Amino acid sequence: MIKVRVLVGRCGDISNTIGALFKVTSFGESHGKAVGCIIDGCPAGFKLDIARIQSFLDMRRPGKNKYVTSRQEPDKIQILSGLISGCTTGTPICVIIYNYNTISSDYNNITFAFRPGHADLPYFYKYGLRDHRGGGRSSARATIALVIAGAIARDILMCFYNIRVYSYVNSIANIELDFLNQAHRTQNQFCFPNVFNDLFIKNSILTGTQNCDSVGATIKLFITNLFPGLGDPLYSKLDAELVAAIMSINAVKCVFLGNGNSVNVLTGKANNDLITATGFLSNNAGGILGGISTGQDIILTAVIKPTPSIFLPQRTISSAFKNIVLSIAGRHDPCVGLRAPVIVESIAAIVIFNSILRQRVYCFI
Amino acid sequence: MIKVRVLVGRCGDISNTIGALFKVTSFGESHGKAVGCIIDGCPAGFKLDIARIQSFLDMRRPGKNKYVTSRQEPDKIQILSGLISGCTTGTPICVIIYNYNTISSDYNNITFAFRPGHADLPYFYKYGLRDHRGGGRSSARATIALVIAGAIARDILMCFYNIRVYSYVNSIANIELDFLNQAHRTQNQFCFPNVFNDLFIKNSILTGTQNCDSVGATIKLFITNLFPGLGDPLYSKLDAELVAAIMSINAVKCVFLGNGNSVNVLTGKANNDLITATGFLSNNAGGILGGISTGQDIILTAVIKPTPSIFLPQRTISSAFKNIVLSIAGRHDPCVGLRAPVIVESIAAIVIFNSILRQRVYCFI
Amino acid sequence: MIKVRVLVGRCGDISNTIGALFKVTSFGESHGKAVGCIIDGCPAGFKLDIARIQSFLDMRRPGKNKYVTSRQEPDKIQILSGLISGCTTGTPICVIIYNYNTISSDYNNITFAFRPGHADLPYFYKYGLRDHRGGGRSSARATIALVIAGAIARDILMCFYNIRVYSYVNSIANIELDFLNQAHRTQNQFCFPNVFNDLFIKNSILTGTQNCDSVGATIKLFITNLFPGLGDPLYSKLDAELVAAIMSINAVKCVFLGNGNSVNVLTGKANNDLITATGFLSNNAGGILGGISTGQDIILTAVIKPTPSIFLPQRTISSAFKNIVLSIAGRHDPCVGLRAPVIVESIAAIVIFNSILRQRVYCFI
Amino acid sequence: MIKVRVLVGRCGDISNTIGALFKVTSFGESHGKAVGCIIDGCPAGFKLDIARIQSFLDMRRPGKNKYVTSRQEPDKIQILSGLISGCTTGTPICVIIYNYNTISSDYNNITFAFRPGHADLPYFYKYGLRDHRGGGRSSARATIALVIAGAIARDILMCFYNIRVYSYVNSIANIELDFLNQAHRTQNQFCFPNVFNDLFIKNSILTGTQNCDSVGATIKLFITNLFPGLGDPLYSKLDAELVAAIMSINAVKCVFLGNGNSVNVLTGKANNDLITATGFLSNNAGGILGGISTGQDIILTAVIKPTPSIFLPQRTISSAFKNIVLSIAGRHDPCVGLRAPVIVESIAAIVIFNSILRQRVYCFI
């Protein structure tokens, strides 16, 4: 048979919707006019707490200190539809945030180069062209849409089901951080416990930056007070859905529940969570068995790679596919994981809310 | 507001379809009459190689040696629709496999007990009832559907695009196995290189079984000769789709591309795969950047937990929610990972074929 | 730009699923081994009334009298999965019906000809090949799947919501039939009132057959005791969903609610259904306004074309695209509309049940 | 069993996306801040002709003459994403149009009343609340999104496939209009041939308005130069998809292909379109057989009801469910059908483009 090889170029992206019943369709690139989303499937009659949505956005907002990118964006939301007198009408909610502080000239030197560790080269193969300014659609600014929608989802989860979603930076480079409680989170800059020696952390990040390099991190997420029985047994396992959704965040390379990343070296005896009438005796499974929630807390870890944009010269190729050495300019997070917790939480909330809505469909007979 | 808490029981499962353009909808439970699937979206005019489909099924078939469950099943496929003169007609292909060797009495003692490490308890919360016989829908027999559909997908990938998908057992318990090449795979019982000291492996598995315990494993998957440009940048990243789909396999707890599970401890400099005009200088990313294939080989690892069914007495609760001690009977794999490679490959082939079909939609202007 | 013209041949069919929450995926062609479906999203714990499902199938079954095709099929259902002790388990239900009375030789003379009024020619363009035996996938046998799934849906609608779905043959050729009530339906052969002069009807059908020709019909459907508030305002209007689903039935060419087919000649004053505290004063809208149910009865009409297979010689082309005159053999319904009521009802029940399930998702705050 | 009856109120709308591969997700209500959409799945590298998009919007824009509503809206599009240098990037395109001329006070007297013939009452049942200002989401302003997306779709259809989509007002009240050709359309106010006696038409509309009443209309649509082989044989028949999509337009109550609305009174002999080597001898089927395009022109008719907002006093109920007599104020089209052609064309273009994209998936072997 004939081999058909050439599939590349001029493709369209079809997958900008997350969730099937609380559906978020996002748009926008780093240096375009705006980013935002349409939220479909939000129940009617829910009072939106705009200030709280804004507060979550502020958590991921850049430009707040020297440990994150210096790009200054107000990130103020505008709601264009779906509300009457501050309440949801049940119709689609369109939210937009204009981009202001776009310095596209920062990206001039990568107009004709593919950055190592970035999506530049595969994007070019897919689309046959590339919006090089700020990473285009692959910019972390695209996560704004999910933070907005996630803020609504977590409000509903809390109001109606008393379900809480929170997370923190669990490690930076190879330094593990102790976690005390969520209350500490707002008390420092990094969403991790203030009892920790901040100087030490800051040093490890700055060491990266001083060497013009970057460092990775892990985020740990908890979901408490969740129902047992959520999720489907085969192709929409709750853990698979959480993992896939959180992998939509830039730089997240691995996500697992409980001890999932190292469970292969345990025996069945060591790994099984024994059950008693008063509850499980352990939570190795991270709150999910066979794809369905057990009623224990969901415990999930996201592994985040070091920011690929580093200020060291690197070997790569030009858009003419010639060997070059590239030095990257622009404003970049030395540890992109530091701004990730609120994004991980938001996406987890969207997944969980969808899972609950799906459950509501059937449990009536 | 009023808290609505009770969502459990009598739910339906809605998620038995995998793939959007080459769609596989599966059915069947361990001790029901049959398992199988409907394959929708298979192109017309493709000659099905039934013998090859059967050969893949034989790889996952139980009862072949003392290292896997002794359940004897012929697992012979019957195709009920979608063919004329051995060729696909483009209409849905229904394939069924009857269950024969069901010894439901093996499961009598768990009729009224929830097994630790199994989906029993969350299933009960979800459905309000439970098919306890052989794990019902959560049995590994449900993977048969994907092996059948995957066999067709990989044939098409090979015929039209010369894309190969293969995998092997990469480690058992804490023993890492060296990999030489795929050719060795059919030469031994475990889908790993025959140069390895089989006795050593067998011992480590049997040690588990002799202690009435079980062991975990990892599977390593390769996809070669893939296009660059496959996958979507945000919510259908190619890596996220592979990971989520492979997590539908029983006992798979973590899946990652390249060095994804440990990338947090690297610096950007160490992790970035540098690019030259003749190719990448490394493949830390496992063949995917920003959710889109780079054109390098896909390299993926699946972490598989130890079989939860062990023959040691374990603490758990009865269906009356009383504390009991349970001893599990029945036939179980001491290392469920040993039969996983062909299943991992099949699902990966389905995901990749879907991704190529999605790509075909647009690249025409 | 370059014009890309050739898209025909070797396509696959992707659209064999109906319903998003009570999902029915069907398979099977007229002269294949079997027809059937997988039903996904059926709630757990529902006792299936197999005899009633069979009774609905018997209504559409051919071979019962001289007014319908003489093909003899037992059409006995076999349920392969999703049940324990006669109750649904919430997992997918696979139902199959084997084909027995296939006389493929009847179709020998159309192996190399495209029948006028049939899907033969466009099918050939789509797939590049054609299962000519009995119409392949375009045979009315494919509706069996929907009758089975619809039987379950209407049982649930009746048990839990007291919603009834019924229909009757409203006209044959240009003869309108009066309708009295559903009770009469089982008392005659045609699903229309027995007070009608049967002889007259029979004659009009037989006149068609005696002339080797065929006649059309209309079916009228009622859904009583439905909730107000079902359906979505824009792209999943309840009327649009009913219409589209019922158009999946062979030979249905037009479907409308209330007076929809002639509403253009009314004025607003004449057409508006006035509202009082005790109910609407008319039901021109057929129970749906703005895509959402009003709480009145749904009233819907399906217009069914005359069977295209007639026994007169007709001009057409051969598969070599040469002019020929074709005389069709085989067994065909002189008025295909006569067997349609139970199919129309079944599909309507599936749509309505899906709509209710969708509604259940949100109405909780 | 227990009857569960109460499903009404506080629901969400989930269905604001049309198309699966060229996906349009719309938002916005009549008197909200803006209306618009996100277009997902637009191929990269296509030069958008903004002026042409605007010209289609201008066709449906209100306020142009005394035969349509006097609401004045500039309806100028703003594109927020998905473009670089005027070309599509393959990422989602967000388009918004701000609402300006909202006189919500016009709707004060219906704040507490349900208008006959409108969606007011079922909306209230669905959502438990209602945006009464200008009909909220059920306003014809929501069609703006589809005109924008349809403009892009028809440009692509024309550029790459030379497929044309056009329509005209075929009848007003009971007056049938002759059609000559599409060229005349821009030469008068109503999208019908200028050879027609305009005065006569105008009179029939004004007669309606002078009596404070309204009139219905039919629209006839043609699609020329289409491929044979488009559409799927069962649940995504091309005709069913066109019909369902066009029914999303306000006031459209019935849509049919060819002679679909009256085919029941023909015999098979009269209705079958005979085939010759040089083409079909008739087009009763309207270009589609068995759900798949034949290669003939698509011919489709949409039946549009008289505007339900009339200026005569009508019996209805208040929001307290008491009998009242309501006189409607506000600005309304005396014949809502007059602005429908461009909307019908736009939606048809979206459906056809999706169908072609779906076809592209498979025809490769």
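Here are some notes:
Letters A, B, C and D mark the chains in the order given here, with residues in each chain numbered from 1 onward.
What we mean here is this: a residue touches a chain if its C-beta (ideal position, glycine included) is under 8 Å from a C-beta of that chain, and two chains touch if they have at least 3 such contacts.
Nothing here was measured: the structure is a model prediction, and the numbers come from that model.
The interface at B-C recurs elsewhere; of C-D, A-C or A-D, the pair that shares more than half of its residue-numbered contact pairs is A-D. Each chain's centre was taken as the mean of its CA atoms, and the one lying most distant from subunit D is B. By number of C-beta pairs in contact, A-B leads over the other of A-D and A-B. Spacing of subunit A relative to subunit B, judged by their CA centroids, is 26 angstrom. Centroids of subunit B and subunit D (each the mean of its C-alpha atoms) stand 46 Å apart. Separation between the centroids of subunit A and subunit D, computed from CA atoms only, is 38 Å.
The set of subunit D residues that touch two or more partner chains comprises 1, 4, 9-17, 21, 26, 41, 43-45, 90-91, 126-127, 137, 160, 233, 358, 360-365. Here subunit A touches subunit C in the complex through residues 21, 41, 43-46, 90-91, 156, 160, 233, 357-358, 360-365, going by the rule given at the top. Chain contact summary for the complex, subunit D toward subunit A: residues 1, 4, 9-17, 21-23, 25-29, 32-36, 38, 40-45, 78-84, 87-94, 96, 126-131, 136-137, 364-365.
Across the complex, subunit D is touched by residues 1, 3-5, 7-18, 26, 114, 116-119, 121-123, 125-127, 137-138, 142, 159-162, 171, 173-174, 208, 211, 213-218, 227-237, 239-241, 243-245, 247-248, 250, 253-277, 281, 285, 288-295, 303-310, 312, 314-317, 321-323, 337, 356, 358-365 of subunit C.
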